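Shared between the two complexes below is chain A, which pairs with chain B and chain C, respectively.
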Partner chain A sequence: MVKPVIVVGSGFAGLSCAFHLAEAGIPVIILEKKEKLGGYFPQLKKQFPTNSCGVCFMHPDYPAYCPYIEAERHENITVYTNVSIQNIENYQEGVNIKFSADGILNEIDGQALVIATGYEPFDISMKPDLGGGLYENVYPALNFEDHIYDLIAENKSLPQRKIAYIQCVGSRDLKIKRPYCSSFCCMYAIKQALLIKDFDPDVDISIFYMDIRSFGKDYERYYLSAREKGIKFIRSAVASVKKRPSTGKLEVLYTKDGSATEETFDAVVLSQGAVIEKSILDLMKKLDVEIDFYKPKLFEDREIKRNIFVTGTLYDPMDIPDSAIDGIATASKIISRNMITPKILAPVKVKTQKVAKIGIFLLGCDNRLDDIVRTRFSEALKVKDLDEIQYAVRENKFDGAVIITDDIRKTSGFLENKNYCGLHIDSVVLVPSFNNALLEEISASIQKLRQVKRNNHVPKALNSKVCIIGGGLAGLVSAKFLGEMGINVVIVEKEDRLGGRLLEIPSRLDLVKNYIKYVEDNKNIEILLNSKVKDVEGRLGEYILQIESKEDVRKLKVDALLVTTGGIPRKNVVVQEDGKRVFTIFDFENRFDEISKSKRVVFKQCAGSRTEDNPVCYKVCCKKAVMSAIALKNKNPEIEIFILHKDIRTYGFSENLYRQARAMGIQFIRYSQEPEIMRESEKLKVKVLEDGTNSEFIFEPEYVLLSSGMNPNTEEVAEVLGIGTTDGFINPYNQKTGLLDIKNGIYSAGLCLAPNYTEDVIKQAEAVAVRIAIKLAGRQLYVKFNTAFVNPKYCCGCELCVKACPVSARYMDYEEKIARVDEALCEGCGNCAMVCANKASQHKVFEHKGMLKTIDLMVG
Partner chain B sequence: MSDFEPKIIGFLCNWCTYTGADLAGTARIQYPSNIRVIRMMCSGGVDMVYVMKALLEGADGVLIGGCHPGDCHYQSGNFKARRRVAILKKILQQLGYNEDRVWLRWISASEGKKFANTVTEMVEYLKKLGPNPFKYTGNI
Partner chain C sequence: MKKITYYPGCTLHSTAYEYGDSTEAVLKYLGIEWQEIPDWNCCGAASAKSLNHKLSILLPARNIKNASTLNNDIYVPCAGCYNNMMKAKRALENAEERQNIEKSLGKFESIPEVYPLMRLFTDKAILEKLSQSKLKTDVKVASYYGCAFVRPEEVLQNENPEIPQSIDNILNAVGLETVEWPLKSFCCGGDLSLADSSVVSVLVEKIINYAKEAGANAIVTACPLCQANLEMRQKEPFPIFYFTEILGIAMGIDNEKWWKKHLVDPRDLVSKIKGGK
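Presenting the complex of A and B:
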């Protein structure tokens, strides 16, 4: 028996960790302090940078990516709520935890503990100078978001016509001992401002900020769109917010062009930062883990003590996509200590095609509803849970069931776990109890069941082989994990060596060499150097690749594809770049000694990026420049360093590096007009106009280092695989929750997906490997029932359905001249059934005849 | 016709509007009981034959609920629905039939209130419009 893993906290990170562990066959126990699972995610109805609804976008494919429902219904997950932790003890092989849940004391012995308690929004009453807690029209941002949703839902105009957002409340503030940056406040403030602007364009919105940190994938465009829509961005610290008693309006005092300015607003919203709860700080103290908010990293390692891990916002302030990936990366550490237990599915067989005896069940409905249903359907049975249904099915020999339930989604999930209570999937219909025409719907469902034709279902076997395109760091990390899990891996690398770009950076050499050594030694991993993927055909479980090397072209059959083609440093982005004295920061480490001997160095941030032509933030350059500057200053304290920037985006705990750099005397100069780099005989000259003070500086540096970022290396691979890209970065399935999945069976990680730090690339690669391993570990593909089917008798081969399918699950069988359905890919939207003129393509659940009958009954 | 209660058939997308209706139900938001809901996987899977069938059978209105543009679970199903509804409305116009009996609305999963409001609005509108003429003139 495998010991369980205990996950404390059920926010996005905690649940995605728990869910992936559970899918791998490891029992998981979730402890949640509050009454309900979920954390802050369900509160946020709209999410940046797409402003789309998170709930609508839940992944329809199994394993579904909405961790909430999944965690609640999963057979390997046990949930305790209202928990308070008494004691944690770790020892060599595991962890012992004592806690009380709903007032009852419990003790659990687990193999590992994951702390994912996340954050708590900053209490604004600690900032009375900004009016926090003093005036009712100074709102905390999270409450104001609810206010916006309510108004939008009721379609009422906003009573506040002039709104000020104040950023960095409770972060980047030494006075209240919160020196770090909370990473996500800039983005959610922009999101709220855009929500208001889209709903009511006349509202005047100003955002007071220090630096706008829109560093994620496509976030920069989001920020620019906010600027275009007329949201004012004012770079200034706000001195005070005071209420004028006569009008009730708020006066905001700030500096503009060097002089104090006062402006009146109807409402002020304070963008709260992330704060770690006091109980967690106490817990850390008990565990003897030092917490210092002034360090550039809160925790040295993810495993803070033996068998105790931290993940999510507690590890580093991060937004939802990063939390999801972080949670899975933590799960990968624990999974690699165990093995994945395969999940074997039994084939489903039926004796007769038609349903003969149908049972009606009332699941968890109140008495009033029972009476209503029993007036027409006297045979309806009242049941408490699915076990009772299973019992009743066996006793009464039902072969079909209509289940009336108040929570369709949950019940359908549990049904899947309970193997459909011994019934054939096609012969179970769920009816929601909230329906006003309940009785009609029940009779319609019975009619529909009588129409259904049932077939045998046999799960499809996989041979579990993954092809990794690109042998850079991301590819190597994923290959290591997959190889450990016993999955066959083929690495296809274009160049003649593994390792990619990191081989050129001395400080990362050891890291990448370790991985290369492991990958070369593992028997499960095959390496193809000097090779390229020329052509791809097929679908999940049966991809056929054509791999071209110098000698020959060979065919390869794999189940899934992982794209980790990485990036190329951007070169020649500035006219004066010569590679000798003006060069990119990528070469910094190789020329460190030479640079440190000079007198003056200029770092130019955003070289050729965040411009009109290329509105991309490459994320890593700010921290890299700051770290390089600190290293130079440490080596040679005499050196003068100037960093020219648009915004310094050292988010999270890297903010401490930025502050350290300033304290060391490194000069930061903000520009909005592109600085000029000139050459006068042998001398380099840099001319820059500082924002805010409008003063001009001219330097004569010996070296100019350009922060130009990395371009993704995806051109060829995107064409071969037929996947979309934005600015060269691969488009994920869903930017918020499905960042690593591209299509069914194609995954991606690393620099080809989004700009990232080395640590984040490793994290993504581990996470994507877990997702692939879980998909392939059962070595079976789930046969889904919510799919389309084709009646070959009527199919004329017109290919309309092939074109209509959004997930390319429909394909033509040219030998038989009919269209077919790939059940593994089909997500059951019914679009193909709709376009089919002779109704050869139909949806199994929403069959044409059944639907017509249903409408008949519904109209009555 | 003061006591006329219109009958509405709602074809709702499983991912957005259906969940929204579910939310309205569980949040105990009051809305008229005139709507009968049929769950579809996607608004793009709603055959216009179904809409016509409902109208011919005597439904006074048909509500098709889909995801907001750009939010479709299946990428573009809601756009397909929009195109089809536009064509259907043209056809209904040609038949001399009031095309405003067919409503297409974008309601997301979190907008239980909006769903309730839409149904209330539709019922009021249909009450003004009177019963479906097909109801009496014939079965086709």
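Presenting the complex of A and C:
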């Protein structure tokens, strides 16, 4: 018997961790402090950068019905709410936790504890200087989202015509002892501003900021779109917000061009940062874990104590995609320690069966209605609740049911009931009793059920083999995990060695060599060097690849594909230079000694990025430059260092590094006009126009280091696999929560997906491996009932259905010359059935024959 | 009977004579015994801290040392004096800095507590006593604290710098209504009053306009520099009172001498506060 994993907190990271553990067959216990699961996510109306809603994407098998109900329903998950934790004790083999839930004391012994308690939004009344807690038109951002969304939903115009957003409220503020950056506030402020602007373009919006930190995948474009739509970005800390007594409007005092400026606004929104709740700090103290907000990392390791893990925003402030991945990465640590090999299920013949015995139930209807129904259907049973239905189903061996109810809400518990009262979900029809043609509707429903050919949920067998394209760090990490799980892996590497780019960075050499050694030793992992994937066909569970090497071309059958082709350093073009004195930061480590002996060094950030033709932020360069500068200054305190930047994006606890660098005397110069790098006689010159003071500086550095980022290496692979890219980076299935899934059976991780830190690439690679493993465990491959099917006798191969399908579940079988349905992808929308002129494409639940009969009955 | 140590500072005996005199009258009325710090000196005001940091600590530290012989808490009516004295007190609380100070001034036996004068009247018993003399008037005033009573917050640890309440509580106790307004601790520009009056008039105008907009007939302050500055740099006559003067009116012990010291003649308003129409 596997001991359960206890997950404390059910926000995005917690649920993501819990679902993946549960899907991998580990029992999970969720402890939630509040009444409901979900954390702050359900309060957000829209998501950046897609402006989509999407609570349902929280579940790994999306589109799921709803993550909260899924959690309640999942056989491996137990949920406790209104929890307060009394005591946590960890020991060699596990963790013991005492807690009260709904006022009842409990004790659970688990194998591990995951703390995913996330954050609380900063209490703005701690900033009365910005009007927080003093004036009703100074809003906390989380509440303002509700406010604007309510107005948008009612299509009312916004009463606030001029709105100021103030960033970094409760973050990057030494005075209130919150030195760190909360990472996501810039983006949600932009999101809200865009929501307003899209709804009502006349609203005037200004965002007061220190640095705009839009560092995630495609976030820079989102930021630029906000600028294009006329949202004003003002780089200035706000000194005070005062409410004018006569008008009730807010006077915002800030510096503009070096002097105090006052501007009047109708509303001020304070972008609250993330705060760790006091009870969690107390808990950490109890666990003897030191918390220091002034360190560049809050926790040294994800496993803070033996068998106790932290994940999500508690680990480091992060947004939703990162929380999702962080949760899965934490799950991967626990799964791999369990060494559970996902069960690969044996093939079972699909049974087709007609519904034989239908029960008719009157759920909570009044007597008058009962009599009416009984005049025609004397066999109808009167029941009080769902339990009685379940009892009747068992007693009478019903395999289908028509439930008539006067209050459809009474049946809402039906979906939450794990076994649907012992019936199959597809053989139940709910009929509301306030129906003019109630009796007709009941007979129609019975007729419909008679037509249903019920399928049992039958798992499809897989031979479980995964092909990993690219043997860099991401590929190696995923291969290690999958290999450990007993899944066969084939790594296809273009070059003649594994390891990718990291082999060129001395400080990372040991890390990557460890992985290479493991992968080479694991017998489940096959390595194909000097090879390329030439052609791919098929779908999840049945991919056929053509792999070309120097010697031959061979065929390979795999179930899933993982793309980890990584990146290539961008070579920056600097005229007149041979790379001796002007080079990219990628070479920093190799030339550290030489650089540290110089007198003056200039780091140029965003070299060839965040420009009009390349609106990409490479995310890692700011922190890397800051860390490199600190290393230089430590080695040689005399050295003068200038960092030229557009915004410094040291998010999360890395903010502390930025502050440390400034304290060490490293100078940061902000530019928006491209600095010039020149060579005059033998001297190197850098000319830059400083933004804040509008003054020109000319330096004569000995070295110029360019932060130019890494380009994704996806051109070939995207073409072969037929997947889309943006700026070269692979487009995921869902940018918010399905970042690692590309399409059915194709996954991706690492630098080919988005720019990232080495640590985060490892995290992604672990997470994607978990996703592949649970997918291949068979659970996800149930033959669904609610799908389309094709009658090959009538199909003429016109491809209308292929075009009509919104989820690419329809494809052509060119050998047989007919269209087919990929049942794993089909969501049962029925579009293909509508466009099919021959009635070859039909929906299993709404077959023509059954529907025609139903209509006949209704019409009479 | 409560005993206090009193540090009037230079202004309360000179330019802000009305503040000093009204304070002493009110103390006497309430039966509070006060003793001035023996042989007190100037706190250093704005001059010392802008020229010599050591001097700016030593001057108020000497006052604290002299006060320590009296064994009572020190109450300071002037915002600048209070601010400087608190800085010296914080320095004395630091072992290393205390050693340096003692090198110049000799050993400190004890360090008394330092409070702004308002704190004396917000004591529960005294507030109760104050509420026995009630004004019957529809005059409303805006309480004004200025910067030096509340900032820097971490040094003074006095009142919330954005929403200070002590003057309001005192005035409400004697039945004078105070308006809620946002500029209670907004800078009046006092330090620049002579050096660059163009900056100051903008600030003063803003403060007075906001007070008027909020429905106040006068401003009541506790800082001599703010009082002088607000009166001197304003455009249309708008009286500025010390809170002790209002207490004096409420107790019926006000003195014609006080009003003569004002740059803006407050006598019409005084009679209104007293209940005249």
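By our rule, the second predicted complex is superposed on the first by the 710 of 860 C-alpha atoms of A that agree within 3 Å, B and C clash if a C-alpha of one lies under 4 Å from a C-alpha of the other, contacts with A are read in each partner's own complex, and residues count from 1 in each chain.
One rule holds in what follows: a contact is a pair of C-beta atoms (placed from the backbone, for glycine too) under 8 Å apart; a residue touches a chain by one contact, two chains touch by 3 or more.
Keep in mind it's a predicted model, so treat the numbers as computed, not measured.
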Chain B versus chain C as contact partner of A:Ala833, first or second or both or neither: first
Partner chain in contact with A:Phe846 - chain B first, chain C second, else both or neither: first
Dominant toucher of chain A (residue count), chain B or chain C: B
Which of chain B and chain C A:Ala153 touches, first, second, both or neither: first
Touched partner set for A:Ile855, first chain B, second chain C, both or neither: first
Set of chain A residues, in rising order, touched by both chain B and chain C: none
Chain B residues within the chain A interface of the complex: 7, 9, 15-16, 19, 21-22, 24-26, 33-38, 40-42, 44-47, 49-50, 53-54, 57-59, 67-68, 70-71, 73-77, 80, 108-111, 113-114, 117
Chain A residues touching chain B - in the complex, by the definition given at the top: 45, 50, 52-53, 55-58, 60, 149, 153-155, 406-409, 432-437, 440-441, 786, 804, 806-807, 827-831, 833-834, 843, 845-846, 848, 851-852, 854-856, 858-860
Touching residues (chain side chain C, partner chain A) in the complex: 160-163, 179, 181-183, 186, 210, 213-215
Residues of chain A touching chain C in the complex: 128-129, 134, 240, 242-246
